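I've put the structures underneath this note.
Shared between the two complexes below is chain A, which has chain B as its partner in the first and chain C in the second.
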Partner chain A sequence: MKVLSQVQITPSSVILNGKSISASSINGIYREFIGDYPKFFKMDSLCKLGFVAAELLLKNIPIEEKENAAIILFNRNGSLVTDRNYQKTISKEDYFPSPALFVYTLANIVTGEIAIRHKIYGESSFYVLPNPEESTMNEVVRNTFLTSSPSFILTGWVDYDNDEDYLADIKLVTK
Partner chain B sequence: MEDLVLQLKNQIIEVLNLEDMTADDIDASAPLFGEGLGLDSIDALELIVLLEREYGIKLSNPTEGKQIFKSIDSIADYVSKNRKK
Partner chain C sequence: MITKIADNIISPLGTTTDENISAIIAGESMLERQENAFDLQEPFCASLLNRETLSQIFDKEVGQNSSLTFFEKLCVLSAKRAIEECNLSPREENVLFILSTTKGNVENLEKSLTDDRCFLSNSASKVARFFGNHNTPLVVSNACISGVCAQIAAVRELLSGKYRYAVIIGCDVLSKFIVSGFQSFKALSPEQCKPYDIDRVGLNLGEAVGTIILKAGNPSKDTYWQYVACAIHNDANHISGPSRTGEGTYRVLNDILNEVSVEEIGFVNVHGTSTAYNDEMESIAIHRANLDAVPVNGLKGYYGHTLGAAGIIETILSMKAIDKGLILATKGFEHIGTTHPVNISNQIRKTDKTVFIKILSGFGGTNAGIAYRKGGNK
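Here is the complex of A and B:
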């Protein structure tokens, strides 16, 4: 597989294709490099993280080249942060279920947000793994190239635990 | 009524995560959906929850919603006449 571009985002750094770029937070990355998608602020933290990481890799690629791409992401925590936040809205003492939180109680929503933004119609999937196991992740990606022939695949690890502990480590790859 | 309109604006900004927006930026008579604030169907559900949680108003007739959620002014009018808390 050939890596076309890659980005790594942590609470302390943003590294795009080997170069460190300035940005203070996930919202800071959005404001500095994106800024034209108000729906961003309605997303949960996992989606925001995946969205800004994907944006840095995909924003300069023409729409027609993205149409047949695939998105395959992995993480450990699933959508646990939002699951917990939603759970607080359905306690017996204070039962007001939040629809806006409920829609993000699935980890694979982040792949949908990216696909909608970039008009990507190829395969999208999200796997929850105990750890970022390269061999497992590469196998899934290789199988996707064999079965659906995407133009390229946006793939990698997008995991959010809290404001001090998150990691997006994703790349664009071709066969 | 002015106080209620301001309170609703601030509550809506908070529950709908309208980042970078202040109460002054919202025209109370402007449409909330489609144009204006451009809210969507999930936002509509959040507004229903907001009315129940903050004002004790339970919307039993869904067709009422279209009229009630037309603008901040129409929400304020409905809340002032139907609030339980």
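Here is the complex of A and C:
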């Protein structure tokens, strides 16, 4: 597999293709590189993280090249942060479940948010692993080319635990 | 060649695949109105497993095990039955376990928001380790299409040559968490669901677990089910609403039709959740793929929507139906209620064809499909 570009986002740094960029927080990246996508503020933290990371890699790619791309993401927490938030809304004493929150109790929603933003009609898949094992992730991504022919694959680890502990480590790869 | 060598379904209709297919042919369903289930005030209609009975079966067949949750016991019991059917040695390095689930042990959050058992990979690892398997299991968590995506993940791993066998388990259990969410979406029907019907008002939820074991290499038997084609596509449209043009599902069908001819297809087993938008979307996709004349059927009227299990159990039942030369009836359907009148029926029909396509769609705008062909001596 050939790596076209990559980005790592942590609470303390944003590194795009090996170079540190000035925007630091997730919201900071949104303001500097997007700014005009109000749906961003409806997303949960996992989606916001994956969304801004994907933006940094995809924003300069022409839309026609993105149509047949694939999105394959991995993490450990799944959607547990939002699961916990949703759980708090359904206690017997305080019962106010909302569809706007419930929809984010699925980890793969982040792949959908990216697909909508970039008009990606290819595969969107989400896997949960015990750890960010590079070999397992690369194997899954490499094997994707055995049954499909995406123009490129946006792939990697997007995990959100809390404001002090999150990591997006994603890349664009071709066969 | 990739072939299916064993399967199992545990649902409210039975604890073996044979019991399930017989119940469906007899038109049975355990979809029932639930009052006060999961401490929810609003009643709903669902097909629920009997936890006590199944725990007893587990204790008797597998042995008492306090470290496994009910969800994990279901996965182990179903996998064990499938593994025994094909005499697989599950601890071998060439065996990979794949778990399809949307929410795993999420019900445990009610007791503790920091319960480790809510990590989906913990459940998958416990199930794989139970069988002595030490490969890192894959958890496919792609909302409602997980059951087909897990089969696709298995096919790819087997095609790569790294593994020879894949044990694919699909399971979800219902809880206050899941039912309240679907209620908040106003997605649930208070009565038994009516897929593709003019009077459909929403879906029913259901509980089940299913296991499919796939093998790479020459088929072990004279007749066999062989993987033919698969595809996954996003609608790029909305995170919770199906596409009005059926874009993702249309692309899935189109990809699969590059590998199989329309004349071979016995039926398309649809998602058919019985929500207004899902069934309409599928009918548009089927029409755009020029499959209007091909029989379609949906099984949610027997089980409800079993989430991570749906793609697994509906695939198994489609195989068993063709084994018997049948197209299963779409229970609950009466009068066509989609813009494009697909070829659907509430009666059992006959077929002598050997291919079926299983399709699913889900939140996140995802759509998936897989096709299998019956091969060998007829």
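Keep this in mind: the second predicted complex is superposed on the first by the 175 of 175 C-alpha atoms of A that agree within 3 Å, B and C clash if a C-alpha of one lies under 4 Å from a C-alpha of the other, contacts with A are read in each partner's own complex, and residues count from 1 in each chain.
We take it that contacts are C-beta pairs under 8 Å (C-beta built on N, C-alpha and C of every residue); 3 or more make two chains touch, one makes a residue touch a chain.
Bear in mind the structure is a predicted one, so any value in this text is a computation, not a measurement.
*Asks:* Name the contact category of A:41: first (chain B only), second (chain C only), both, or neither.
*Replies:* It touches chain B, and chain C stays clear.
*Asks:* Tell me which partner A:59 touches in the superposition: chain B (first), chain C (second), both or neither.
*Replies:* In the superposition, A:59 contacts neither chain B nor chain C.
*Asks:* Just checking: does A:126 make contact with chain B only, chain C only, both, or neither of them? Give me first, second, both or neither.
*Replies:* second
*Asks:* Please work out whether A:98 is in contact with chain B alone, chain C alone, both, or neither, and reply first, second, both or neither.
*Replies:* both
*Asks:* Name the chain, either chain B or chain C, that contacts more residues of chain A.
*Replies:* Greater contact footprint in residues on chain A: C.
*Asks:* In the superposed arrangement, which partner chain does A:144 touch: chain B (first), chain C (second), both, or neither?
*Replies:* second
*Asks:* For chain A, give the residues common to its interface with chain B and its interface with chain C.
*Replies:* Residues 97-99, 103, which sit in both footprints.
*Asks:* Mind pulling up the chain A residues that touch chain B in the complex?
*Replies:* 27, 38, 41-42, 96-100, 103
*Asks:* Applying the document's contact rule, which stretches of chain A touch chain C when the two form their complex?
*Replies:* Chain A residues touching chain C: 71, 76-78, 80, 83-84, 86-88, 90, 92, 95, 97-99, 102-103, 105-109, 111-113, 115-116, 118-130, 133, 136, 139-140, 142-144, 146-148.
*Asks:* Quick one: which bits of chain B touch chain A in the complex? Just the residue numbers, please.
*Replies:* Residue positions touching the partner: 15-19, 38, 42-43, 45-46, 49, 52-53.
*Asks:* Which of the residues in chain C come into contact with chain A in the complex?
*Replies:* 39, 102-103, 106, 109-110, 113, 118-122, 124-125, 136, 138-143, 149, 152-153, 155-157, 159-160, 162, 176-177, 180-186, 230-240, 247-248, 251, 255, 362-366
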